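The next part holds the structures, each set out as structure tokens.
In the two assemblies presented below, subunit A is common to both, partnered first by subunit B and then by subunit C.
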Partner chain A sequence: MRVNPLRRLAVGKRRRFLGRLNKTHYCALALLLSLLLSTSAFLLPSSALWILVALNGGLVVHGLLLKKKISALLKIATVQLVTTMGLYYLFHGESQLLEGAVVVLRVLLAMLPGWWLSSTQPPERLGEVLSWGLPHQWAFVVAASLSLLPFMSRELKEIYQIQCMRGARITPKALRNPKNWPEFIYCVLLPLLIQLLKLSKQMAISAKLRHFGNAAKATHWPSTRDSE
Partner chain B sequence: MKSHFELEDALFIGFCATLLVVLKSMLRLKLGLSGHSMFLMTFFYLLCYGAVGRVGCITACGLLAGIVAMMLSVGKGGPLILLKFGLPAVAMDLTLLMIAGVFKLRWQCVIVALIGCLAWASKGWVENMLAGMTHQIALTKFALNFLQGGVFAIGAALIVPTVLRRLQSHDLLQDHHKQYK
Partner chain C sequence: MNLIELKGIHFGYDTHQVAILDDLHLSVNHGECHCISGATGCGKSSLLHLIAGELSRPFEGEMIRHPALMVGLVMQDPNVQVLRQSVGAEIAFALENLGTPSVKMLEKVQQALRRVGLYISIDTPVDVLSLGQKYRLMLAAQLVFEPNLLLLDEPWTQLDNHGVQELYFVLKSLLSDGVAIVMVEHHPQAFGTLISHLWQLEQGKLVAGLYLPSVPREHKLNVTAAKATTSESCAEERVRISPHRFQFTGRETLFRCANTLSLAAGEIVALVGDNGSGKSSLLKALAGIQADIGQLPFSVLGKRPKLGIYGPNLSLLLQRPNRQLFEQTVLTEMQFSLRRFKLPLTRAEQMLAQLSLMGLAAASPHKLSYGQQHIIALASLACLTPKVLLLDDPFAGLDSVHCEKVWQLLLQLRQQGCAILLSSHREMSLDDVDRVWHIESGFLLDRSESMEQSYAG
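This part shows the complex of A and B:
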């Protein structure tokens, strides 16, 4: 069977281009795509939102195929929907409920690319991509902060639950009164800040012992997830 | 962003920025109060200034919070959220350049918090004007935003010196820091 030489050239070019792309380049493209989609959620007219819905649907399918959990995002979207629709009904009646639904859809469409990015790309790669535009130290800081996000959330929840059991006035109902906010800061944020200050000291020592910042051109520790 | 911060300080600034974004997204859901974001923003920005003790750390914290919020898609502005976090931070840092050492820490915090709130409300005013709102309504909204945000910002500014004193009592702040009165 004869193959068209033009077609063979195009296929060869595409293969060479894809060969040059490594995981960091894919991560950069994912970051750009995520930013583009998030921004479009607010800029596109309502009539063109279906395009974004389709694209975000693809991202959700990709995330779910990789067995990433989406329940937290769905919970946030449900709360947003209930509160926003409630407010729209209260202020404008039934006439503008559809507009309220569109607003919630836009917020959800702005959040979905972020979920996809953070669940499919490892923070080490994101840090590497950010280091192209940021000084290496700050790129390391952003990547470290993002990778510590689950730790921070877990610690925050644990301290919050323990303080609630001790009778602190920081339950969701009590926090509706701003008078109780200082108690939230002293009971929950202060212990967490103490831990974070200690952690930042330990991480800085650990990084310095690994000669962080000594090389003229920064190197990146390979992700353990890449080898899996 | 200048990279002359110690790595330890830079990491603490990054953690504060991330915690600010996480808490902001949590409180937005549960409270839904307008202007409450100034409480957290002021608290974490001033805490960074108190703990790191260097002009520029508030701007660094603001820009990092913007980047993290953008990457996690927290807030409604997409990449424009960088401005929302960055503008008050730059205004606060510039104010600190002018008033550092003139007042006691508590008054410094209050003044810096009010200037940050002014920058935050001004951003909303500019947006409303660009959207075609009339001068009167835009100014009314600006005044309302400034009042609401100002109350929260002052509340946070008054708490910061106490928190810093407690952190110092745990021997977690470096020696070059002053007494937090």
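This part shows the complex of A and C:
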């Protein structure tokens, strides 16, 4: 049997392509997938949302299998559900509650792929993928900012706790009163911002001292590990 | 070979203020180890950044750098220098920027890791490392690009004794390879014979010798004098820690506590353990703010610890206390909690006067030096006269002048009947505190008790 030479070429190409697929390529695909899923969360009609729910369910299972924590995201979703439903009930009455729930669902579906991406892919690899399109410096900034998120959330929690103990009116109960919201901004968010500025300055010095931005074409660490 | 020479350097942050570096001279050659000491905020760190060529402002004077000079700098807190999540990627960062081909990175990274004595996988997440390990990781991240001048900012303060010892051997081998070292350090004794030049930075100039401020150490006497009275009166128990296992959910046990420990009114107890032994988590658990720890048999002021139930009776000072400052002036910062807990506002002024810091009352807390911010944060808690005060490493990064102010505050609170538990990564003398609890080889225990018993026996 004669095989179409063109087809043989295509099969060979695919094999070679798959052979060359390393963790960085997977990361790129993951990035694309998350972007696609997040955008569709807003663009798809409500009737087709179940497809997204199923796909995101897969991501959640994958993340949980890798022992990543999802509780923070679920907390945000719950708070959002409660406030949105409350507002919908206030403004539109009972009839529109379902619509409110759909809005919350869409926001959750838009956030889930981001959670999955950031918890399954190391920032340096994301940085490498981003550097294909962005200048190296920008890719580093994006990757570094992503890796800052866990630190900032820890810091936010600690500052909140310290100020609560100092008597600030920012306990969940006190925050039910909008009058106390400025206190939360002054006591918690402002110090957090100062910490963030300090930290980013230190990180910038640390990066510069390690010759960041010196090479015309920077090389990458993760690929080395794959080609072992 | 002369690596770098500084001649008549003048430098200042503010035109209105006195210059930090004023007619400074320094020459560093291959294989030399220079140690610079000086008061907190005297410009030691600025000098290191100047040598590293990373000072953000211009300076006057002449700096002659050898064309082959390659500088590595490890700053005080390794946490703020981490840029990546895994050990390998962190070390390789400099190689990436120098354009080292990817295939050559692995070997170089592993070599750097071995050089600092870290025998861990290159895929280890940076998060799980102890502070001492992180410090050596940052050292490896510099050594990987083979610097011939290494700058270290106060390594002793951050590291526990074990970590200092490990660093000692790393530095020794570097010096024998001809690498020059300039370190800023208050405790050069820890590095003993390695140091070839000892300097103190005084009024912007480097003078040979060690900075040793004359500070009265009165507190020792007070403790011994007052010790007898507290044990006689059998003071009220404020904190009770029953036997338990201290572990985060789903993780290995950090330490076990086999006997009941208690902290009474008018007592200062030190909690001593290495970096990463669980001291901070224990303090947070006592304040009821440690997550993922489950229910522990702790009783603070007769209640199970929970955030927000103690009001002004329980205070906690976490590490880097400058994080809690937010007001416009030092005085309002001190008055904040007094106002919230409806206590007399005059206490803030009294406290400042006692610490002879009245001059700072109208200053912005954000513009103070690290040591001053530390004292203000502590003083704002102290003026609440809490019944229990928990302090996480309250002497970290402070020079002896500021340490003495902290002691002054603690002794005063102790006299007022406050129960104080403070953590430290270094052994504390029983002359300074009433008792010492240790976290050691997986156990939390009150060694001073067993010591007293053995003396009695």
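We adopt the following convention: the second predicted complex is superposed on the first by the 166 of 228 C-alpha atoms of A that agree within 3 Å, B and C clash if a C-alpha of one lies under 4 Å from a C-alpha of the other, contacts with A are read in each partner's own complex, and residues count from 1 in each chain.
Simple rule for what comes next: contacts are C-beta pairs under 8 Å (C-beta built on N, C-alpha and C of every residue); 3 or more make two chains touch, one makes a residue touch a chain.
Note that the coordinates shown come from a computational prediction; the quantities given were computed from them, not determined experimentally.
**Q** Counting only touches as set out at the top, which of subunit B and subunit C does A:190 meet: first, second, both, neither?
**A** both
**Q** Classify the contacts of A:77 with the two partner chains as first (subunit B alone), second (subunit C alone), both, or neither.
**A** Neither partner.
**Q** Answer with first, second, both or neither: which of subunit B and subunit C does A:137 touch in the superposed model?
**A** A:137: touches subunit B, not subunit C.
**Q** Who does A:147 touch here: subunit B (first), subunit C (second), both, or neither?
**A** A:147 contacts subunit C only, not subunit B.
**Q** For A:213 in the superposed arrangement: first (subunit B), second (subunit C), both or neither?
**A** A:213 contacts both subunit B and subunit C.
**Q** Would you check which partner chain A:44 touches, where first means subunit B only, second means subunit C only, and both and neither mean what they say?
**A** It touches nothing on subunit B or subunit C.
**Q** Determine, under the contact definition given at the top, whether A:60 touches first (subunit B), second (subunit C), both, or neither.
**A** A:60: touches no partner chain.
**Q** For A:203, select first, second, both or neither according to whether it touches subunit B, subunit C, the two together, or no partner.
**A** both
**Q** Quick one: is A:159 in contact with subunit B, with subunit C, with both, or with neither? Answer first, second, both or neither.
**A** Touch partner of A:159: subunit C, not subunit B.
**Q** Which of the two, subunit B or subunit C, is in touch with more residues of subunit A?
**A** The partner that reaches more residues of subunit A in the superposed model: B.
**Q** Which subunit A residues lie in the overlap of the subunit B contact set and the subunit C contact set?
**A** In the superposed arrangement, which is not itself an observed complex, subunit A uses residues 144, 186, 190, 194, 198-199, 203, 207-208, 212-213 for both subunit B and subunit C.
**Q** Help me check something: in the complex, which residues belonging to subunit A touch subunit B?
**A** Touch list, subunit A to subunit B: 31, 34-35, 38-39, 41-42, 76, 79-80, 83, 106-107, 110-115, 117-118, 126, 130, 134-138, 140-142, 144-146, 148-149, 152-153, 156, 172, 175-176, 178, 181-182, 185-186, 189-190, 192-194, 196-201, 203-204, 207-208, 212-213.
**Q** State the interface residues of subunit A toward subunit C in the complex, per the touch definition above.
**A** Residues of subunit A touching subunit C: 122-124, 144, 147, 155, 158-159, 161-169, 171, 186-187, 190-191, 194-195, 198-199, 202-203, 205-225, 227-228.
**Q** Enumerate the contact residues on subunit B facing subunit A in the complex.
**A** Within the complex, subunit B touches subunit A at residues 1, 3, 5-19, 22, 27, 29-33, 39, 43, 47, 51, 60, 64, 67-68, 70-74, 76-80, 152, 155, 159, 163, 166-167, 170, 172.
**Q** Contact residues on subunit C for subunit A in the complex?
**A** Of all residues in subunit C, those touching subunit A are 49, 52, 54, 71-73, 75, 77, 80-86, 88-89, 92-103, 105-106, 122-123, 141-142, 145, 287, 289, 307-308, 310-312, 314-316, 318, 323-326, 336-337, 340-341, 366, 380-381.
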